[in-house]
């Protein structure tokens, strides 16, 4: 009888046992900063002052009296809308190509990953100017192809500055690609063999086997890239500084400036929690929509 | 939700609340407590057994020379000072975080507006005049107090002098025959007249090399101050300038661009804040540049070897030249330092001792004490053009601006609005109105502090 | 024909991807005026000392020192992250227990708050633990799976493995831990390697967090060392900065290549029979 209880208890809590590191980590290292930032969002905290509570004032200000909030929101949505699909499609497609058994394929795997190793290196600023400045690589190429093309500076023009910084994200599609490759490795060969017997062609195999088997990883990449893109401001920080008429004033950059430049940490915290809610909504939407589409083996 | 789930939630809440309560109380006390105990140790002991920390930003040369000075000081006194040197980017963010956590270094290199910004949030640095250690007779006290005081407190010492300068590339000047030398004292209108002549003869060259940052700080602001005089932001958080004066300044900048005397903003945005990296400058195709004198070393490259300095243009009937001659760096001492006295002794040695002055040379620009300048000059350790630049600026200095002058939020508003004028998003009149309206809020916030 | 098309396409894309980096390599031999002034690939004036100058480092420390520091910071962080995330991911993916959904939501939602507003409270917390100016703020949280990105990643990979395997192992007498070690982890090698690699590279490149926690120059990792002497008012020797940023990529490239070769390509996919 006792033994039986123990078994029941054990079955119920074995999972919890594996979770212990994270639970401890969460309580010890993550909870305090999270709760504090939530509290700060109701204060006039400047990072160094003895702050006082101001109620909902910060939140009210965000929606009624912040001239940059909407502009920044728009830029961020545009940024995600450009970078997310491009990055996903390219990395999925390239991973598919690289999963073939071709000679020298490992060289390509390295080459495609190199830009991602580069991260937000100091050289990014220089590199992006080299490509997109008025006398840069891109204009030179277009000029060679089309006579009469009027060169302009891609980084400094309000119309093109946002796509130009989004391309940094797209260029660094390597991590998504590596995950897709890892996922592809997990697809059992037997499935393809069975499909061969059924006489399926390559396209059919891709849509009936590869994509469904890869769907948990696709979902993961989609959600994580989205979360990351909503917060990212490396490119805006090092390439445009948010500029060309604030067209690249990403939300993350606004937070950073409010917090660390203007000492409005309380206000920045409130803005962060607004972003938090937005990201949560999008994440749930993706989870909902993906419900029937993602195939799990368990 | 089931009962159990609620229980768990509650539990999590309690845990975090107790964590908060604990931290909230101690957060402010910890650094002081730590400071007190350590201070006792050093005060009782020989005082020569302390380890201090000194943080600064800068270039390789500055790092090397400062480290050399620290080594020399240890040799002389036995006081070890650990250098914590890094880049200017995110230096301030780190310092503020350290101040919040109570772990800031003992001796701190600052930019002068930070004194005001930090003072608004708390008391972090000692009053230099509370101690009888610094030899104030070596310092120009009007200048020192003008730039480094916060209220009645002398919170820092100036390390080097700076000032707005009109730089000219001597090679381009020689080649094009542009009439400019050390003695040039243009009005803004002179500059346009000279520029039009220059552009007509040399359409491929750039007359005044610029970026948004420079145009706002070194052209727009002085142009406005030359009209209205006094402080950019008054100590009571009002402003002296009028909408008309702003509009006139915006129009002037627009005119510069329309006449082709500066590059369109679109082409300089990618180099904003890194004016020396624009190919126009890197290839030596520009004649003039308005910047801080201290930027001199960054402006030299393979194609630009020989540059001179002259006075910033000034409006014809200006009451104030608007030429900002702030110290380029100041030195403050953490009030929670393990030994304030030792910090002060070092600061005094660093800025007034002949040996220290010789070791450091011009790695922080032109020193702020006259004696140091003489020593460097006699030993050929000072770039003569840089020195001329500083002298000209100092001789024509405008009102010493308070720390609100460089308030980050107001500066970025002003910069943004200027960019909208140059991108043709606003007319000068609209821009003037926009600036007046938009700065009301940050001014009110400052007043609220 | 199909092979040829694949190659042609891969080469074209590879060229676009890599050309800017090749340009950077050559730029590390150019003087500043050429780096900024022209888009020519080859230097007109070869500056050959940028690598030796850069390696010498600044002041008291050589660049080699900074590389070693980085390894000391990055290797344990990446290794612990991989291990702890595997365990926690396993717990989430393979078991049911009370509050599972809530905990999962909590875990993922900690990713959604921007770092900016967490910097100060986190610094105060770690400072109170006495971890200022050490690598602990990176290594210890890694032991406790504090990067939920990797937990969720492992969950997704676990869920791609058929449960039949677990059941078979159970019948063979494995307990849940043995099942993880002997049955599941061998299949998850590519995923574990990806986690290690990502954490390795992200920590390697992290500038802001490292800057906040590390004060002693002798403990600087390369991300700080590279920017150490960038100053807007002084002459910066960009060729040495570029040279060292390229050198600092090499360990990351090696990790990636070795991992690809031995852990991913070397693995027999036949391990899983659906």
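Which chain is which? They are A, B and C, in the order written, and residues in each are numbered from 1.
In this text, contacts are C-beta pairs under 8 Å (C-beta built on N, C-alpha and C of every residue); 3 or more make two chains touch, one makes a residue touch a chain.
Please read these numbers as outputs of a predicted model, since none were measured by experiment.
Trainee: Quick check of your reading of the touch definition: is the inter-chain graph here a line, ring, star, complete or other?
Mentor: Here the contact pattern is complete, since every chain touches every other one.
Trainee: Between A-B and B-C, name the chain pair that shares the greater number of C-beta pairs in contact.
Mentor: More C-beta contacts join the chains of B-C.
Trainee: What whole-number Å value describes the gap between the mean CA coordinates of subunit A and subunit C?
Mentor: Distance between chain centres: 15 Å.
Trainee: Using mean C-alpha positions as chain centres, tell me how far subunit B is from subunit C in Å, no decimals.
Mentor: Inter-chain centre distance comes to 36 Å.
Trainee: At least two partner chains per residue is the criterion; list those residues in subunit B.
Mentor: 23, 93, 97, 100, 273-274, 277, 279
Trainee: Mind pulling the residue numbers of subunit A that touch at least two other chains?
Mentor: 32, 36, 47, 126, 129, 135, 260
Trainee: List, in ascending order, every residue of subunit C touching at least 2 other chains.
Mentor: 35-36, 98, 120, 125, 207, 227, 230
Trainee: How about subunit C: which of its residues touch subunit A in the complex?
Mentor: These residues of subunit C touch subunit A: 3, 6-7, 9-10, 13-14, 17-21, 23-24, 27, 35-36, 39, 84, 87-88, 90-98, 100, 103, 106-118, 120-122, 125, 140-141, 143-146, 148-149, 151-153, 156-163, 176, 187, 190-191, 193-194, 197-198, 201-202, 204-205, 207, 226-227, 230, 238, 241-242, 245, 249, 252-253, 256-257, 260-261, 264-265, 267, 269-270, 272-274.
Trainee: For a test of understanding, state which residues of subunit A touch subunit C in their complex under the given definition.
Mentor: Residues of subunit A touching subunit C: 12-19, 21-26, 28-30, 32-34, 36-37, 40, 47, 94, 97-98, 100, 102, 106, 108-123, 126-127, 129-131, 135-137, 140, 171, 175, 178-179, 181-183, 185-191, 213, 216-217, 219-220, 223-224, 227, 231, 252, 255-256, 259-260, 265, 268-269, 272-273, 275-276, 279-280, 283, 296-298.
Trainee: Can you list the subunit C residues touching subunit B in their complex?
Mentor: Within the complex, subunit C touches subunit B at residues 31-38, 45, 58-60, 98-99, 102, 119-120, 123-125, 127-128, 132, 207-208, 211-212, 215-217, 224, 227-237.
Trainee: Taking the touch rule as given, give the residues of subunit B at its contact with subunit C in the complex, in rising order.
Mentor: On the subunit B side, the touching residues are 4-5, 8, 23, 26-27, 30, 53, 55, 57-64, 67, 82-90, 93-94, 97-98, 100-103, 105, 273-274, 276-279, 282-284, 292, 294-295, 297-298, 300-304, 328, 365.
Trainee: Which of the residues in subunit A come into contact with subunit B in the complex?
Mentor: Listed in rising order, the residues are 27, 31-32, 35-36, 39, 46-50, 65, 67, 125-126, 128-129, 132-135, 152-153, 155-158, 161, 239-241, 243-246, 257, 260-263.
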